[in-house]
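Heads up, there are several structures right after this.
Each of the two complexes below includes chain A, the first together with chain B, the second together with chain C.
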Partner chain A sequence: MSVGSASFDHAGKPDGVLNADALRADARRQALGLLALVSPGLFLVFAVIIVPIGWLFWLSLFDETGQLSFANYARFFEQASYIKTFVTTFKVAFVVTGASVLFGYPLAYMLSQLPRRAASICLIFVILPFWTSVLVRTYAWLVILQRKGLINNWLIDLGVIGQPLPLANNFTGVVIGMTHIMLPFLVLPLYASMKTIDVDCLRAGMNLGASPAATFRQIFFPLSLPGLASGVVIVFVLCLGFFVTPALMGGGKVIMWAMRMEQATSLYSNWGAGAALGVVLLAVTLALLGLFQRLLGARATGVWSRR
Partner chain B sequence: MTKRLCIYGLAVAGLLASVAVPASAADTITVASWGGTYQDAETKAFFDPTAKELGITIKQDTTNGLDDVRLQVTGNAVKWDITELGADECARGSKEGLFEKLDYSVIDKSGINPKLVHDDWVGISYTSVVLIYRTDVFGDKGPKTWADFWDVEKFPGRRALSGSQATETLSVAALAKGLPIDKVYPVDIDGALQSVDKVKGHIDAWWTSGAQAMQLVKDGEVDMASIWNGRAGTLKKEGAPVSFSFDQGVLTADCMVIPKGSKNKDLAMKALAKFVSPDLQANLPLYVDNGPANEKAFETGKIPQERIKDINSSPGNVKKQVLQDPEFWRDTLVEATEKFNNLIQQ
Partner chain C sequence: MLLSLAPSALPIGIHGIEKRFGAVSILSDLSLDVAAGEFLTLLGPSGSGKTTLLMILAGFVRANAGSIKVGGEEIITMPPHQRNIGMVFQNYALFPHMNVFHNVAFPLKQRRVSAADTRERVEKALDLVRLQGLGERRVDQLSGGQRQRVALARAIVFEPRIVLMDEPLSALDKGLREHMQIELRNLHRRLGMTTVYVTHDQREAITMSDRIAVMNAGRIEQIDQPEALYARPKTKFVAGFIGESNFIPVECRNGSVWHEDRKLRMSDPIPAVGRHLMVVRPEKLRLVADGEQAGVLNMLPATVGDVIYQGDSFICYATLRDGRQVTLRDYCRSDVLARLPAPGEPITLGIDAQDVVLVADQ
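What follows is the complex of A and B.
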């Protein structure tokens, strides 16, 4: 077999070009094949997510008489209570996310540093409540936190306080209940990302004379940021649409957006009233997700490039 | 072998068919109500006796209220032949044209308050909103009237009112201003809102469900509250240290309708006629604290004398209470509720 016959085919084209053509065709075929494979999934997403959301948006544009109008949106500005609800929703989401980070980060760090067996046992304690109904857990908190609940009774019996602390049926109660429910959503992605941090990086840092605190601050913490970012985003977004805990623990004084949706659907005879609330929440959530991705994503990647 | 299987198959099918005959679509109706102990009581009081007398099958379902009916009617997918609603929901649904007209030559309306007898809906039972207080806090000198409830100096303590039922809270707020019970309706909404505003800072919880109201009182989270009489009665039966009476209570009615497009309208009409008849109405208070809508039920002799004074809709108790006017709230509900929500959130 001569070199010449290997380099040129019968049409006289260079071998490389022919290969490129074949590869391109192959890539196209593969892309089409993959598209065919994902098409059922795409169709499902379209049918169960895109279509209903479009419909929701469409419904929100009609008033009670079935006329096209912005009445459902105008209401949010005319009535102060909607703005108040909106502010409360974000306040709760921020505080709960903050509390989750405060409690979740050390927990995830501890889990990631424990020996494998101990870590998996501890992980069960994180996941177990995750599998228990939110309603059950919320009622449990009510029993613990209320005026004649466990905590107040103990503290009074021990003589620590004279009057029961207002822990339930207010903002504090909502934050405590929701933080407990949100914690696993933060801890699990954070733990996963902490487990992937290369111990050699930490060892190298120590080897070069960094103190344990400096190693943590300069190496471990930046490397754990992507996991923290995804946990924070999940928790924050879930908080925005939360219903059960604020409804039960808020004592009717902490009204969140999802509770207004429920009120609106039963109060107004058109679906548009509730739908408009849904559209606003969706739009704000998407905008925030975009913002998060820019801010946290850039920060996390910035850390990587600085390294 | 195949033949034999076929014969078995036919035999089984025949057996099934013979069992299924009384339940064929023509003489089956579906009734929806609120579920729980209340629907269990209705089953024993209304549904079972009616099914027996008419020789029909009554299937049951549960409802979340007017939204469900609207969804079925506007979506042309009516699965209920009769459904229960709150009276103000009936008034609103009637305005929206969601119900079939009722035939009062089939249904005997005598004995039912005329305010609850309409072209396309009829009252079925009563719930009362009452003032409950804890006797371990107040002894028997607790707040007896809504004016007392509003008086935070004379009756210090923790309070709860309904945050989800604006109509009921506005009614008691009007009573708290000292209005006599026959002057509460039509409610002066702005006046009632001002009244709510006065007590707002002293309300420790705005309850959104009957169960929550009960829990707040039972666990001592609050010392006094507005509560539905059924829940109050349960607390008392459970031995909780509480006291309540029907004085200045707010009577709210429940109603029944035939959703527009029901496939068994005529049969539903006959069944509904039975449900509101004095004879079956008299069964209801034997199983639950909700009183009958038909006052003739008290003349049937079925209800023991000693029980009558505990029933919210007995002639003696009706006089002490305000009847919540469904037609009034039909036209004012949305505006009043939005204002109320606004107020309690501030």
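What follows is the complex of A and C.
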């Protein structure tokens, strides 16, 4: 970008160092120029990520009285309710991720096998809820699932059940609501990776003597694993920090990590405790991502060797 | 048992194949017999139906009607994984999540071959395609030519009675492609499996095949040995698709062949009365020296348009008296070079009577 201004000396230097200084200066100038170009972005990252997280971490080191202490972190080991919240959070995340895979994999598989136009129409139905507010969708589920909701009324009217099923305001309700919200996060990366699987690979499998089921098991499924892995990671991590749906669908019986944070800050105005919760959630999430990276990184060399 | 050098190859009888996609007819009443152990090439432009026919043979596309018999057994409704047909795909279609060994072992695994037997046969197959010792390589660590060989090894390791190849060399560069053509042909000669090969490259077809079926618009225009196909094309399409051709209009009347007012001699029987096209390959046209009079030579006066020197050969574009352009090619022998014509010069073109081939004008 800035070549013209350098002074070029064609004579007076031995062979091999012709213009070496000018070229080095030019390289330095270019590096500085690029740094200047990315500096607004770097500043933004610093201002909206590094500073708040640093602040959060700083806040977590003070107790209610403003004294520097580790009381906020010690609480995690001392209070059973914290440990219970932690366990609940992971339980919900595991079950919702599992349910998403259970429903999402066949859906993504169907989408990937449909003709192009039919697939794009069906994809709209996957993405449409994505554009609807989480709050609206959660209330909709409440209407459907509650004691006198649509499902219970129908089942009772049909005489299938005598007593309404406990579908909302408990663990089941949280899982149903969250699975619905998480499904697109799993289906979209999975669908994208399934679309890249070469049809000829599947044909080759059958040609070489594998039945359609064997071809799916030995070729299609392993090749879809990278997409499945990224979908699972996204869903699991999003579940860990989820607030709205468990708060509304849990009926106060399912306390997740993010709800604890909300309690600590807005109910008890204990910013230190809330901040400590946030720091631990962040650390656990990062550790999990690191773990996934390691596991899937090793797998990726085996599975995803396209390029 | 292990990749025996002459397995009992089976003939293929294809009869009355119809294939339509909606209202569009892809193949219409197509019949073709492939002899046991034969290397047959389906040659044609894109859209001629050759790949569709191959897909029907492999079982990936369902025909609307017809019969395919392999060694007398009807397979038209048999699912692909039961057909026992090896196939080499255009883009290789190797399994990216398996190494070379497991790719080649895949068909054996499906057939429940024992581990020791599998190892031996895979090694033998890799040997055959000269990839010995590369079993542990990942597919993405291979060059294009090596991937091609793996695909080939995978298609023959289970000793299929028939091997199908769908433009297997089209992704390779020219030098490697020509090398692989020879290698494939030699492999076929050693193993003797009935092979149906699809290509749009006429030179490749001529180099490799026992017979070539030229396809056009869902029909077989002509099926013949390469030499016969080149020297005696039966239709204008075949003459134009295989090699270069000059088409010179002629008329048959009174039991002889006429170009304008010149009577032509030909060794083939003279066809029915009417208008035809004479097919003359550029290298079959000759520059006739002044005063040369050969009994079996047809003479056509022309004017030189341009002469292009190409090192080993030269091309001469000339215009006949009826305004039609023809192309002549000859090697640069010193006697020819000595009397190379200049643009604008009148010349006489000579055609041997036995090189005169007539096709219908349509």
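The rule we apply is simple: the second predicted complex is superposed on the first by the 259 of 307 C-alpha atoms of A that agree within 3 Å, B and C clash if a C-alpha of one lies under 4 Å from a C-alpha of the other, contacts with A are read in each partner's own complex, and residues count from 1 in each chain.
Criterion: a contact is a pair of C-beta atoms (placed from the backbone, for glycine too) under 8 Å apart; a residue touches a chain by one contact, two chains touch by 3 or more.
In this text, all values refer to a predicted model and were calculated from it rather than measured experimentally.
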### Task
Sticking to the clash and touch definitions up top, decide whether chain B and chain C on chain A clash or fit.
fit
### Task
State whether A:N169 touches chain B only (first), chain C only (second), both chains, or neither.
first
### Query
Who does A:C201 touch here: chain B (first), chain C (second), both, or neither?
second
### Message
Contacts for A:L248 in the overlay, against chain B (first) and chain C (second): which applies, first, second, both or neither?
### Response
first
### Task
Please indicate which partner A:T89 is in contact with in the superposed arrangement: first for chain B, second for chain C, both, or neither.
neither
### Task
Once the structures are superposed on A, label A:G209 by its partner contacts, choosing first (chain B), second (chain C), both or neither.
second
### Message
On the A-aligned overlay, A:N72 touches which partner chain: chain B = first, chain C = second, or both, or neither?
### Response
neither
### Task
Based on the superposed arrangement, let me know which partner A:T265 touches: chain B (first), chain C (second), both, or neither?
first
### Query
Nearest CA pair across chain B and chain C in the overlay: distance in Å?
47
#### Entry: Contacts on chain A seen with chain B and repeated with chain C across the two complexes
none
### Query
Which residues of chain C touch chain A in their complex?
58-60, 79-87, 89-91, 93-97, 106-107, 110-111, 138-140, 154-155, 158
### Message
With touch defined as at the start, can you tell me which chain A residues reach chain B in the complex?
### Response
79-81, 84-85, 88, 142-143, 146-149, 168-169, 247-248, 251-253, 255, 263, 265-269
### Residues on chain B engaged by chain A in the complex (per definition of touch)
65-67, 70, 92, 96, 158, 163-164, 204-208, 212, 215-216, 219-221, 333-334, 337-338, 341-342, 344-346
### Residue ranges of chain A touching chain C (in the complex, touch as defined)
198, 200-201, 203-212, 214-215, 218-219, 222-223, 302-307
